[in-house]
Amino acid sequence: MKRPSSWLMLLSIFAIVGLSCTSVLHAQDAAEVVETAAAYTYDWSKSEVTPEMFAVNNLWIMIAAMLVFIMHLGFAMVESGLTRAKNTVNILFKNTMIPMIGIVMYAVCGWLIMYPGDSWIVDGVFAFGFGIGGGGIYNGGDVLYEGITPAYSTGYTVWTDFLFQGMFAATCATIVSGAVAGRVKLLPFLIFSILFVGILYPITGSWKWGGGWLDARGFADFAGSTLVHAVGGAGALAGALILGPRIGKFGKDGTVHPIPGHSMPLATIGVFLLWFGWFGFNGGSELSADPAGVSYVLVTTTIAACGGGIACAICSWVVGGKPDLSMALNGILAGLVGITAGPDTPTWIEALLGIGAVSGVLCYFAVLFFDKLKIDDPVGAISVHGVCGIYGTLCVAIFGDMSLLGIQALGTAVCFITSFVFAAVVFGILKATMGIRVTEEEEIEGLDLGEHEMAAYPDFQRTYIKSYEAGEI
Amino acid sequence: MHMIEAVVKPYAIDKIKAKLSELGIFGCTAIECKGFGKQKGHTERYRGARIDVGFVPKVLLKIAVKSEDMEKAIDAITTSARTGSVGDGKLFVYSLTKVVRVRTGEEDNDAL
Amino acid sequence: MKRPSSWLMLLSIFAIVGLSCTSVLHAQDAAEVVETAAAYTYDWSKSEVTPEMFAVNNLWIMIAAMLVFIMHLGFAMVESGLTRAKNTVNILFKNTMIPMIGIVMYAVCGWLIMYPGDSWIVDGVFAFGFGIGGGGIYNGGDVLYEGITPAYSTGYTVWTDFLFQGMFAATCATIVSGAVAGRVKLLPFLIFSILFVGILYPITGSWKWGGGWLDARGFADFAGSTLVHAVGGAGALAGALILGPRIGKFGKDGTVHPIPGHSMPLATIGVFLLWFGWFGFNGGSELSADPAGVSYVLVTTTIAACGGGIACAICSWVVGGKPDLSMALNGILAGLVGITAGPDTPTWIEALLGIGAVSGVLCYFAVLFFDKLKIDDPVGAISVHGVCGIYGTLCVAIFGDMSLLGIQALGTAVCFITSFVFAAVVFGILKATMGIRVTEEEEIEGLDLGEHEMAAYPDFQRTYIKSYEAGEI
Amino acid sequence: MKRPSSWLMLLSIFAIVGLSCTSVLHAQDAAEVVETAAAYTYDWSKSEVTPEMFAVNNLWIMIAAMLVFIMHLGFAMVESGLTRAKNTVNILFKNTMIPMIGIVMYAVCGWLIMYPGDSWIVDGVFAFGFGIGGGGIYNGGDVLYEGITPAYSTGYTVWTDFLFQGMFAATCATIVSGAVAGRVKLLPFLIFSILFVGILYPITGSWKWGGGWLDARGFADFAGSTLVHAVGGAGALAGALILGPRIGKFGKDGTVHPIPGHSMPLATIGVFLLWFGWFGFNGGSELSADPAGVSYVLVTTTIAACGGGIACAICSWVVGGKPDLSMALNGILAGLVGITAGPDTPTWIEALLGIGAVSGVLCYFAVLFFDKLKIDDPVGAISVHGVCGIYGTLCVAIFGDMSLLGIQALGTAVCFITSFVFAAVVFGILKATMGIRVTEEEEIEGLDLGEHEMAAYPDFQRTYIKSYEAGEI
Amino acid sequence: MHMIEAVVKPYAIDKIKAKLSELGIFGCTAIECKGFGKQKGHTERYRGARIDVGFVPKVLLKIAVKSEDMEKAIDAITTSARTGSVGDGKLFVYSLTKVVRVRTGEEDNDAL
Amino acid sequence: MHMIEAVVKPYAIDKIKAKLSELGIFGCTAIECKGFGKQKGHTERYRGARIDVGFVPKVLLKIAVKSEDMEKAIDAITTSARTGSVGDGKLFVYSLTKVVRVRTGEEDNDAL
């Protein structure tokens, strides 16, 4: 008797989305500003930047948005590569839905929660509004829908801004997706994603990037070590804790039974695409095509990735005994997450060793540590995004202005805890109401059959003869 | 000498192997197979249509034993693989004419 | 005794290409205009745009061309992912050859058929010319080979234009490739592709984008819902009809036996890459880097993709009973095809619900519908590109100027029918002469062995024990 | 007792990298120039290009660097796709480490070896310096750290330059990686890569791009047919010769037993990504966003790829009897390598037939030829990069100024030989000291188990029943 | 009790299963295998060289039957799998000493 | 008639096939399997933890022979597969009640 409840849930999702859309539509009608882009004209003579410079800036941010978009494919590949073949359809489905949900929720309300302009509900802490407005000032009252003029920004049009920020938003929920893979029920997870992307992410985001209280106190987070990665990592931690480990991951005697990912090529594709996308993630966060600024950011970003990957690989070789590809890949991501809070200031040596390599080493031991704690994180999301996100945020002070250390620590802690609590409450409620974990039988047979009645690789003979796991096939 | 062929659920392998080791039976050959019996296969879907996938993944274990060990071995396998639900599997036993260890050329009971 | 005939065919292909090349070479010699790009200089003072703006515009169109290029990898992945492992080499081969054939044929004659300038043979209906000329005015007589100047366009050089349009061209034949997968003979299909890309696509294209009769009547098709997708979909329909379904797809009693795709990760990679490429497909069709125009187009494109994917996924969940990944992926493409005719005008709500979501739903039911009709389309090309291409073309009127509805309907119908007839005739002739379908034995064993004597995955054990198909392995 | 020696090696790598880093750091401190990008300001009024043009140029080179980056994923996919499943983790590991090693070594010393400005040690032949300096003039003495100003270049900032050149550097070692796949020991190969990327590549590179003796004599190599590809191909040849063929590749009676690649989709993904990246490789080598120059280069690059792919596919069809996907893919790369030395001058017909198609045909017969010679090159690296690299270099003269033929031949020969000797010496020393080939048992079981104790596809049943190889499984 | 091992072409499975069901024989275990017989394998090519792939994909069906059902079963399988061309397959029959159903411990004919 | 089941190392297949052909024995069915015996499996690692993979890839060859050919066949297989190191494999022989060629319906020795 599962169907009726899924129906109900789906209908209510529909209803919520529909209602919010209608309200936006109505508001737009009321204001009589439903104009299309084609109608905008701008008197360039009043602009601070020349039309050419505006076009270049805007072009770069659009391209950066596309690069961030491709990160979603990267996440999909890393997560499916590092989990079992029997859960592949499920993971791909989640990672296909999340960016779509993220962008839609960001259009519905996320953007105006995150960039409220002056229209805070609780000053510096919380705002709300519906729709893709005109640069944060479109939320009900006095509508200003200039859209594309440089008055909105010297760097890009309002649409470019939305695209870039919307692409960012969904990455947060994707991070969680990896940590709960292999056992979470699909529908509750989608509901969690809607709330996480649509509410939590923009709220913590508004504290810094929306000009909220953290921003006012000088907190620095260039492209989101805290606002995206630590926040996502905290959600991942909450999810992994509440769900419990996959069957067979931990023996009764406390031993760890690794559950190897089913396709190393997919994991490798994923990490390279994430690195590729990170050029847009960090480089685009310069918010203009400023040659010096962007190119410097790209160099430190690249070098930190190298430092993280090499360090983590060496760790696995020297400490673990063999060079571990999955660790090298995680190390690259760790270095990238670490540099994200402040790619604009460190020297390349600091980026390589102080930020990249240290993040890589941190990530290596964090993976072992969470295994020790019996927290099962199939793709290492908590270690990569949570731990290195926090470390990266602190790096802004460590390798820059040490006086910032206090606010950096406070900012990352508050955001992490807020996200953790939010995720824990949402997962808790979902667990109590509809359940968040699939049945043991379904987990063993794989979520592809249980949730989707589909096989990811129907033409290949899978192997069940191995001693990989205690009790799981 | 007898060959025991046991068609069992995949995750019973580890338990069976452990039990047999206790009896001093170490050799064993495992084959991926698909079974069809009282346990029904599942349904799959693809682009709006249903597919009936009749077969269930199983493992076929082949264990050659000295005739005197046969009963013990059968017992060990049956008890370790039993969960009580359909699909637990079946055992088939037949007698062997000859066994040869390739490496040494030893034959029959010496080869087991 | 197959070899001699293949030899003959190959030789004649060679001959045709060689001859046309020579003729072009000759023409060029005659006109003494074989100059290299390095030789062009331009007096910017006469230009309408500044050199900087020209450089930005040109850069964006070049990048858009690269993005459209990567769509070919996307198609290759979607099509191989959604078909059987035993046909993978064949599909990859076709999808590797098609863009190359497309670009070469576009250089040989396609471009000058499509953009004839004033040199129509039948006014507004048909033109012809050889080679990469100077903006459509290079076709025999008075050669004007200005090439790269803004006089050609304020947006880009003649080479950029060729690159962007050439990348577009090949997508059309690729669409057909998916629908005939798993049973079409390789050589006839390549011949079909050469004709489809080299002749049919540029002819229908010239009617609108080349300034032909549809353009004169106000038909609107921003980036090709009709000119690329419906035209490709019509070819796919013709091909699928003439070939007949794959063995085992339809039971004698009329039941549908789905033949699942062999790799969901490949299909997912493909759809994400197509979405990524679509940023260039639609965004580049703005034909400049105009910040407002391009960024708006990117937003509506993205949001329509989300609408399509979410709607199709919900359909499969609510109507079909389980969330179907292959449908979610098809839905994304449906949304993208739908918005392609007019991404520059709808509001985001229209793009999300009116265009994207409706296309997704249409696509879902179209797949079921063509199955009912016993038309076997392995990857859903007819539903995605044909049906949604037509719907998208109508959307320009529905969500814009309703007075256009007539010409939109006429335009898409004429193009669809022209393409259908052309494809049917070509496939018909090929069927009568050399045959277009592999033998039953080859189909069952897989085209990889029959056509290529190669295996796509020789290291993996394939599974033949399943009840997927009636009579096929 | 392997562990102690690996430890030692790892520690010494660590030590070398650490020491060089420290020296750089120290030098930087001494000069008191550790400033961040943000601090740079420039008086644009003195610039030769406008700020807008500078931003466009810089943006294009940054994007080109990203495109070259994605080529590393392309190489990883081609190489793993064209080798056995049992070596996949090993190949992915190598191809993940190489770009990281390449970029770090380039930062440590490669860049200043390659672009010494006026600070040659042996004039026009050899230079040396540590760190990412200010455009080649930062190597000890008089530090000039202007960084980002147009005085460095009218095209891009010093950081952009480093990024673009650093991404290039690593491709060289990656080419070698493919030829030695399936039998080379991991650690010696990584040591080889460090030396090859950090020393050899920048030395030969400096002869032309750094303004050395080849440049002075008028040698032309637009984007590196010789400096990247022939040099890489020579290293590949040395490696393949010294290692010897894989077990089972050649029968005792001289027959060739092909060892098929394990995944054609991965190989296809790889080639498309390489093509995609080549837009940046060649297009970026224009070193500005000059609309005419870049777009022309992109067109010839694309058309040469088409020519190579089509020609090689036809060869395999007509000569070999069946259309061979792996050959079509190699042919595309061959065409791309061929056009790389001079994509700025040929007409499109020359690019298609004279350069692309001829390279494709060359590549086809070169593969057969090296098989005849019993040189085992699993992915065809020597044929594609070595042979076509040399041919491409000559094409600059053949299809341009024939008077250059002498210097083109001399330049490519000297670079090829230098690289071959260097690689042979390094591999020779490594062979004598630590051994470079895995044990026979490890080779048969696969390097994934031996070197990494990991499986690339643990969930799939592999097949060992085939007659593919004589004596190997 | 006898075990029938039938090596057949993969797409004969469905027909065989259906026929056996009519006879009241439901249990069956299927294994992927590769066969070598009168039917020749195919040739593959890779980068200009030929490979002789001697083995042809087949399915090995194991069906344990009561001795009285043996003839009927053999007949059913043979007729459903026959197409008349080489490679149709072969049947091998041997007698079983014992059969055990794991779930219940039932033995021999009761277990079938 | 006897069925010889030989569990051998994968790369011995070609040699065994060649040897058997010399004896005039052409039919053979091969199955992928995993063996557990004196030869130890290997260890794998993943993200810092170890996994013990007990089974080693082997191939199971099934060769039905006329009783008079049995000894020769066993000999041929044993000598071709022997390398002298653990894991060379084992041979199991049992007698067949019946053999049927599906294509023609021929039985027993005629079918071999």
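Quick notes on this structure:
Here the chain labels run A, B, C, D, E and F in written order, and each chain numbers its own residues starting at 1.
Operating definition for what follows: a contact is a pair of C-beta atoms (placed from the backbone, for glycine too) under 8 Å apart; a residue touches a chain by one contact, two chains touch by 3 or more.
Source: prediction; values computed, not measured.
Under the contact definition, chain A and chain C share the contacting chains B, D. Fewest steps needed to get from chain A to chain E, stepping only to touching chains, is 2. The chain pair with more C-beta contacts between its two chains, of C-E and E-F, is E-F. To find the repeat of A-F among B-C, C-E or A-B, check which pair has over half of the same contact pairs by residue number; it is B-C.
Between chain C and chain D the centroid-to-centroid distance comes to 33 Å (mean Cα coordinates, whole Å). Rounded to a whole number, the gap between the C-alpha centres of chain D and chain F is 46 angstrom. Each chain gets a centre from the mean of its Cα atoms; for chain D and chain E, those two points are 53 Å apart. Shared interface positions of chain C, i.e. residues touching 2 or more other chains, are given as 50, 52, 56, 59, 63, 260-261, 263, 269, 321-322, 324, 326, 452-455, 457-458, 460-463, 465-468. Those residues of chain F in touch with two or more other chains are numbered 30-32, 34, 44-46, 54-55, 94-95. Under the stated contact rule, the graph of chain-to-chain touches falls outside the line, ring, star and complete shapes. Here the chains touching each other pair up as A-B, A-C, A-D, A-F, B-C, B-E, B-F, C-D, C-E, D-E, D-F, E-F.
The touching residues of chain C, counted against chain D in their complex, run 3, 6-7, 10, 14, 21, 24-25, 28, 34, 36-38, 40, 50-52, 54-56, 58-59, 62-63, 65-66, 69-70, 72-73, 76-77, 80, 88-89, 92-93, 95-97, 99-101, 103-104, 107, 131-132, 147-148, 156-157, 159-160, 162-163, 166, 186, 263, 266, 269, 451-461. By the touch criterion given at the top, residues 3, 17, 26-32, 62, 64, 94-103, 105, 111 of chain F touch chain E in their complex. On the chain B side of its complex with chain E, the touching residues are 2, 5-8, 31-38, 54-55, 58, 60, 74, 77-78, 81-95. Interface residues of chain B facing chain C in the complex, by the touch rule stated above, are 34, 41, 44-55.
On the side of chain A, the complex with chain D involves touching residues 50, 52-53, 56-57, 59-60, 63, 67, 84-86, 260, 262-265, 268-269, 271-273, 275-276, 279, 283, 289-299, 302-303, 305-307, 309-310, 313-314, 317-318, 321-326, 328-329, 332, 344-349, 352-353, 457, 460-463, 466, 468.
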